[in-house]
Amino acid sequence: MLSRISTYFPALLLSLLPAIGAETPPRIEDIKGKTILLFTPHPDDDAFCCGGTLALLAKNGNTIRIVIYTNDDKGSYDLEMTGERLARIRKAEEEEGNRILGIPKENLLWLGHHDGLLEYVDSRRLVEQATEVIRRYRPDIVMTVDPGSDYVRWHKTDHRMAAMNTLDAIRAAEFHLYFPNQRLQLGLEPWKVPAMMFFYVTEKDANMWVNIDPVKQQKEAAGLAHVSQWEPAMHKYRPDWTPEDKEKARAELHTIILKKGGHWMEAFRWATEFNQY
Amino acid sequence: MLSRISTYFPALLLSLLPAIGAETPPRIEDIKGKTILLFTPHPDDDAFCCGGTLALLAKNGNTIRIVIYTNDDKGSYDLEMTGERLARIRKAEEEEGNRILGIPKENLLWLGHHDGLLEYVDSRRLVEQATEVIRRYRPDIVMTVDPGSDYVRWHKTDHRMAAMNTLDAIRAAEFHLYFPNQRLQLGLEPWKVPAMMFFYVTEKDANMWVNIDPVKQQKEAAGLAHVSQWEPAMHKYRPDWTPEDKEKARAELHTIILKKGGHWMEAFRWATEFNQY
Amino acid sequence: MLSRISTYFPALLLSLLPAIGAETPPRIEDIKGKTILLFTPHPDDDAFCCGGTLALLAKNGNTIRIVIYTNDDKGSYDLEMTGERLARIRKAEEEEGNRILGIPKENLLWLGHHDGLLEYVDSRRLVEQATEVIRRYRPDIVMTVDPGSDYVRWHKTDHRMAAMNTLDAIRAAEFHLYFPNQRLQLGLEPWKVPAMMFFYVTEKDANMWVNIDPVKQQKEAAGLAHVSQWEPAMHKYRPDWTPEDKEKARAELHTIILKKGGHWMEAFRWATEFNQY
Amino acid sequence: MLSRISTYFPALLLSLLPAIGAETPPRIEDIKGKTILLFTPHPDDDAFCCGGTLALLAKNGNTIRIVIYTNDDKGSYDLEMTGERLARIRKAEEEEGNRILGIPKENLLWLGHHDGLLEYVDSRRLVEQATEVIRRYRPDIVMTVDPGSDYVRWHKTDHRMAAMNTLDAIRAAEFHLYFPNQRLQLGLEPWKVPAMMFFYVTEKDANMWVNIDPVKQQKEAAGLAHVSQWEPAMHKYRPDWTPEDKEKARAELHTIILKKGGHWMEAFRWATEFNQY
Amino acid sequence: MLSRISTYFPALLLSLLPAIGAETPPRIEDIKGKTILLFTPHPDDDAFCCGGTLALLAKNGNTIRIVIYTNDDKGSYDLEMTGERLARIRKAEEEEGNRILGIPKENLLWLGHHDGLLEYVDSRRLVEQATEVIRRYRPDIVMTVDPGSDYVRWHKTDHRMAAMNTLDAIRAAEFHLYFPNQRLQLGLEPWKVPAMMFFYVTEKDANMWVNIDPVKQQKEAAGLAHVSQWEPAMHKYRPDWTPEDKEKARAELHTIILKKGGHWMEAFRWATEFNQY
Amino acid sequence: MLSRISTYFPALLLSLLPAIGAETPPRIEDIKGKTILLFTPHPDDDAFCCGGTLALLAKNGNTIRIVIYTNDDKGSYDLEMTGERLARIRKAEEEEGNRILGIPKENLLWLGHHDGLLEYVDSRRLVEQATEVIRRYRPDIVMTVDPGSDYVRWHKTDHRMAAMNTLDAIRAAEFHLYFPNQRLQLGLEPWKVPAMMFFYVTEKDANMWVNIDPVKQQKEAAGLAHVSQWEPAMHKYRPDWTPEDKEKARAELHTIILKKGGHWMEAFRWATEFNQY
């Protein structure tokens, strides 16, 4: 019952009642045999945000599908690069990165929008698209960017749009009267997403910490599979590494992976209602 | 004079000067014979956010008009329900709820947009619509959702859109050069809204607390008039209650009404400038 | 290298790593011979936010260009005023104000959108426009409104839109694959903006304070050049002042200029990455 | 029955069956006590297209309402003119012109869009607006621009948009499932328009010719009431005429009024189905 | 070679060269084992325009797929009807009608847009959708509404939009650089549609006449399967017929089926280039 | 005076008065020292439609500027091609083609929209862009695609959009109240285009025939400069010709150039009012 209330009275809950927030997040090793749907703005955010967690989840027999909003076809300094070629490169890198984590390329769904321009697509249609995906795969957990309170300044455009749009779709998926043609014509029933894991959280919002020590190697390898996102390929594309370049990239990657209590970590906000705080 | 300044230098005021914030909010019993315009995203937010306050205001001889952005035609789990029927049901519930609070149905203005999709209408036109309403009724107080600092995560879409759009309209209504055809062709003069009461506030933003003990019954009855928003009608619509269902709903409603110092309360942010903090 | 990281992992940096924030802002007197591009929502925000700083920068031999998003054609209570006449008046005032600060009118670029309606223009095109300007002038420093965490409530519409749009353009300008026709057909190469000075900051975000005592007179004169923004011209336009009106306006202006340690100040957030906090 | 068929099988009717076209148009003097709704792109097209016919219809006791899509605020060569002033002038001229024809200014409905830019407004909303007007006034005859086969080259934008939009609204008005909130929330029932008179027809499409000899003076006077549409006011606005200017304008007006068999005429296409040819 | 030319120089071909028009259309009985894709604006246009031809084609072992732009959820005079219910009814009728013609319901693709509002959807996205369908099924023949020269007046909105959009998609499908993500991410190769059969042609444009005498019964039965499109169900819905009503509908249907030389006919414009006349 | 009338009463003129059409078109050799502005949908339409005429005009000392709406980045069957590379190739070809005709590349203005997608850009903005160009160059003659009565079927999208948009801009350019910021802020005065030459005309609309025998070679060479528009480069790009391929292309080109009375010709519709027939 409370679940319905928090849907209808979020403001009151948020501000003026004792916090009833999320139930305790589960331990990662207890998540087994589930369907997990991750919505990522670009084909590399999934590896960088949660490569370790994904590897653990894959190992545990969960089915993971990755929905990729954009094709990441803009972020290169190489003046010889074209957008269409970059999209091809990044698709291959994303497939390789996920292969390393244990996710087959058949489980990648590309929505195909342009990098950096997600805010300019027809947003009503974007929600409809994401709603259809949710109703089709009926995930136990949806992972996506946290639409956090500090997000505004730093993840404008694609990240924010991905966060907001996925949440909107989670809500719409629950009620058959949103996009009713999906039920009538595609045979897709409404689906209430039971739990969410938000990534790219601020420290004050994180409530779930995953120790990724056991899959450190995989996370590292998946991160480095995105060759074109690192120097020197960023300025002059090449599909492979010299050992020196790779070592440098690895070192840089290490500096940005979260450590806590001597362990490698990934942080999330776990929630069981789409508007839970 | 200061009023003009805060219009033009909000950032400076906000950040770098001694707070000049709002004047002290009035006591609810001192608001008499006023015209009050409440903009609500859905036909039930008004009852839940401020049913008690509205009952008190109505009793005090104020004229209250409710502008309802959407027709709330999506939020049902009943697979037999259609959107158009749900809109009819919720219109009747809203009329009944407001009758209980002392507001006749002639005072309800329906803008008729779809539930959950307010962000996707032509936003320029939406501001124009709300501006016209303000210039027509020339309210002493506008009530609407607070576009508060924490609002982003939890009241996406309709709530946020209602908050922002109403504020935009309040500003536009003041200057005849916005939508000048309203003056030329509809004979509507510009109108500066003297005061605002924002609902769905966060605790840190609330600066006006209304004791609603005297109208507890009315608030409760108005809330329960929205039968379709409660179980069991949410999952399988029925227009009436069994006594047991009603009791359960009432109990649930009690848990979400704010209490403070032994009293039932409703909280607001009172402001006299549209960009006052 | 770190620069690239902060581009790609803003969330991690922001939340979960030791702050690596901006390098120390330079002293204003050390900024010489630079190209500075200021994006302002209206033709008066530049004078009010940073008139003193601009005067100092102009004196130091920097080239300053002002890009003005809107023509400020709405904000008058004078019922005889028309929007087109108001736009003409404000253009002349902006030219005069900047002349006083040492910026010739050839350095003003007008984008010509309507006041208060910037959110309703084609936003993809607006980013493209700003990107073109950045690539054309290749500024050492971009100045614009801070898309700060508290901005939502108080600078809706033009201010927020100007802040977000300029940041988007800064990012797009860096990668040739955004709006590639600008390189192909206009011969404009990508440009990475090395530093930003954000104005209209909140106190907690300001990290750069400029003492404007030496140019107090200029700031004051530039502010008062915007005659139509002050009473009595606001309610009944007249192009000139009585000595009394001018004195009153000057007094009011003094109350809103920031003082700190006995000095007149202007505050900024200095950053060297577009998503630095 | 046939009416339904022509609604559903227009193509077959149009191309491959014996023409079943419109029934014989009525004589103008037989139209009495009817409600007539004229949709005009600009506040002068009504006088020029059908001033004589309107005068006859008014005389016959019909209630005529004029819906004016735009405010005609662009068409002046006078460099001192502003758009808002021009809109005011043209509103007054339209009221005067219609007063002469016997239509009180209360019967004018201004939709207030900008001259020449009607194609750029939200077209879904424009249909909704026109549909509401039709359902509210339940006209026996709708008059509007003919969306004729040759229209493309010569009446681009406002004229074409007015023609198409009005027809769309005529169709939508008939079925309650278009814009159902108009029935639910505004209490407006669906309305099937029984007959249409299209003006600005090509010769081959005209099927109804009205002899306007008896109201020649009124047509002329109404045409000349639009002072700002004629020289010299077109190049340098003045609200009045010299006798010479007026004479010249009158002469020019005479050359463009249709004559047939020694009579002054106005031509129309009469139809009883919205897609009748 | 010529094929390329007519793509690039349509205007010259059309106007100023000896007509090179389409090659002779094939006889219907020679079309065997082909893939046929029919784009229809509503779920009934296919039966009425070409039910006989479809029955013949199905009999000949062709695979026929029907793409239905809208769900036909507006066209009822029954005030008890809701849009969502009407969409369900029309889906069932379309499935039944096509079953009679020999097309299984698995071969129906619903795009799910609202009846009468197809012009207001994101048209860029609509072309993308249709392009994807063409590339996926790689049809030998596409059937759709003819964007004929007389179309403007009588089939505004859905019919025109369907005609134009399908042609746009046919062109886009041919070049991999339109919507390149369909190739990259969905694995769909470009596809050049070899032939088109346009229906709802004007008499002067028809160049292919199909004798449907052998499948008269089927055409009739398919037409009458659309119960809700006929009286009395149009005004008061009922799912079944009285024998009298059915007889009346059948008689009416007969009057609108084309006869020529004593035979029942369906007429088309056959073309082998998308811009062939 | 008549000029004004035809602006205001096009329908009457078109249909119901003796034709007053265009004055006699000038002879091509009498057009000297003029400014000519040609708006072309793609960078090759100018060569194919009017290469001979352009060569003659250039020879006569006219200043010719070409405005190119799209970058032609879609039309290749070469699966290795990317859109951005194709845009580069076509820019170079257009420059070479025009060099041959006597038009320097400084006189080419690229608007940079995507091929085949011109209908999906913000059309209000597109008119504004074209209006600015007209006001800046103040042409004696504008050349563009004819928005002819038969245009609908065959030059959907870019061609139609170019035709309509250019005409809209011609009208807007004449009145200072359209896009008034262009006068206020860019210093551009209104400009009435005195004459138009429409290309891609239908035979029945052509009223001006230019004998291009003297510049046959140039036209041919300019046409063949667009290597990528011909086989074999269309299917597998190569920047150069084998002699055999070139000969084949030349032969094909000859078949599509208009001949009349033993001469090579180019046909136009000359008009002196934007809505003249």
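Per-chain residue numbering starts at 1, and chain names A, B, C, D, E and F are given in the order in which the chains are listed.
In this text, a contact is a pair of C-beta atoms (placed from the backbone, for glycine too) under 8 Å apart; a residue touches a chain by one contact, two chains touch by 3 or more.
Predicted model, so just to flag it, every value in this text is computed and none were measured.
Listed by label, the chains that touch subunit D and also subunit F are C, E. Set against the Cα centre of subunit F, the chain with the most distant centre is B. In terms of C-beta pairs in contact, C-F outnumbers the other of B-E and C-F.
Where subunit A touches subunit C, the two copies mostly use different residue numbers: shared numbers make up under half of all numbers in play.
Subunit E is reached from subunit D by a rotation of 120°, derived from superposing Cα atoms (nearest 5).
With centres defined as mean CA coordinates, subunit F is found 35 Å away from subunit E. Note: centroid distance subunit C to subunit D, computed from Cα atoms, is 48 Å. Here the CA centre of subunit B is 56 Å from the CA centre of subunit F.
Those residues of subunit B in touch with two or more other chains are numbered 82-84, 149, 152, 177, 180. The touch graph of the protein chains shown belongs to none of the named shapes. Going by the touch rule set out above, the chain pairs that meet are A-B, A-C, A-E, A-F, B-C, B-D, B-E, C-D, C-F, D-E, D-F, E-F.
For subunit E in complex with subunit F, the touching residues are 1, 4-5, 8-17, 123-124, 147-149, 151-152, 164, 167-168, 171-172, 174-178, 180, 190, 275, 277. The part of subunit F that touches subunit C in the complex is made up of residues 71, 84, 87-88, 91, 110, 112, 122, 125, 177, 180-182, 184-186.
By the touch criterion stated above, subunit D contacts subunit F in their complex at residues 44, 48-49, 73-77, 79, 81-83, 86, 115-117, 119-120, 145, 149-150, 152-157, 159, 199-206, 229, 231, 234, 252, 255-256, 258, 267. Considering their complex, residues 82-85 of subunit F touch subunit A.
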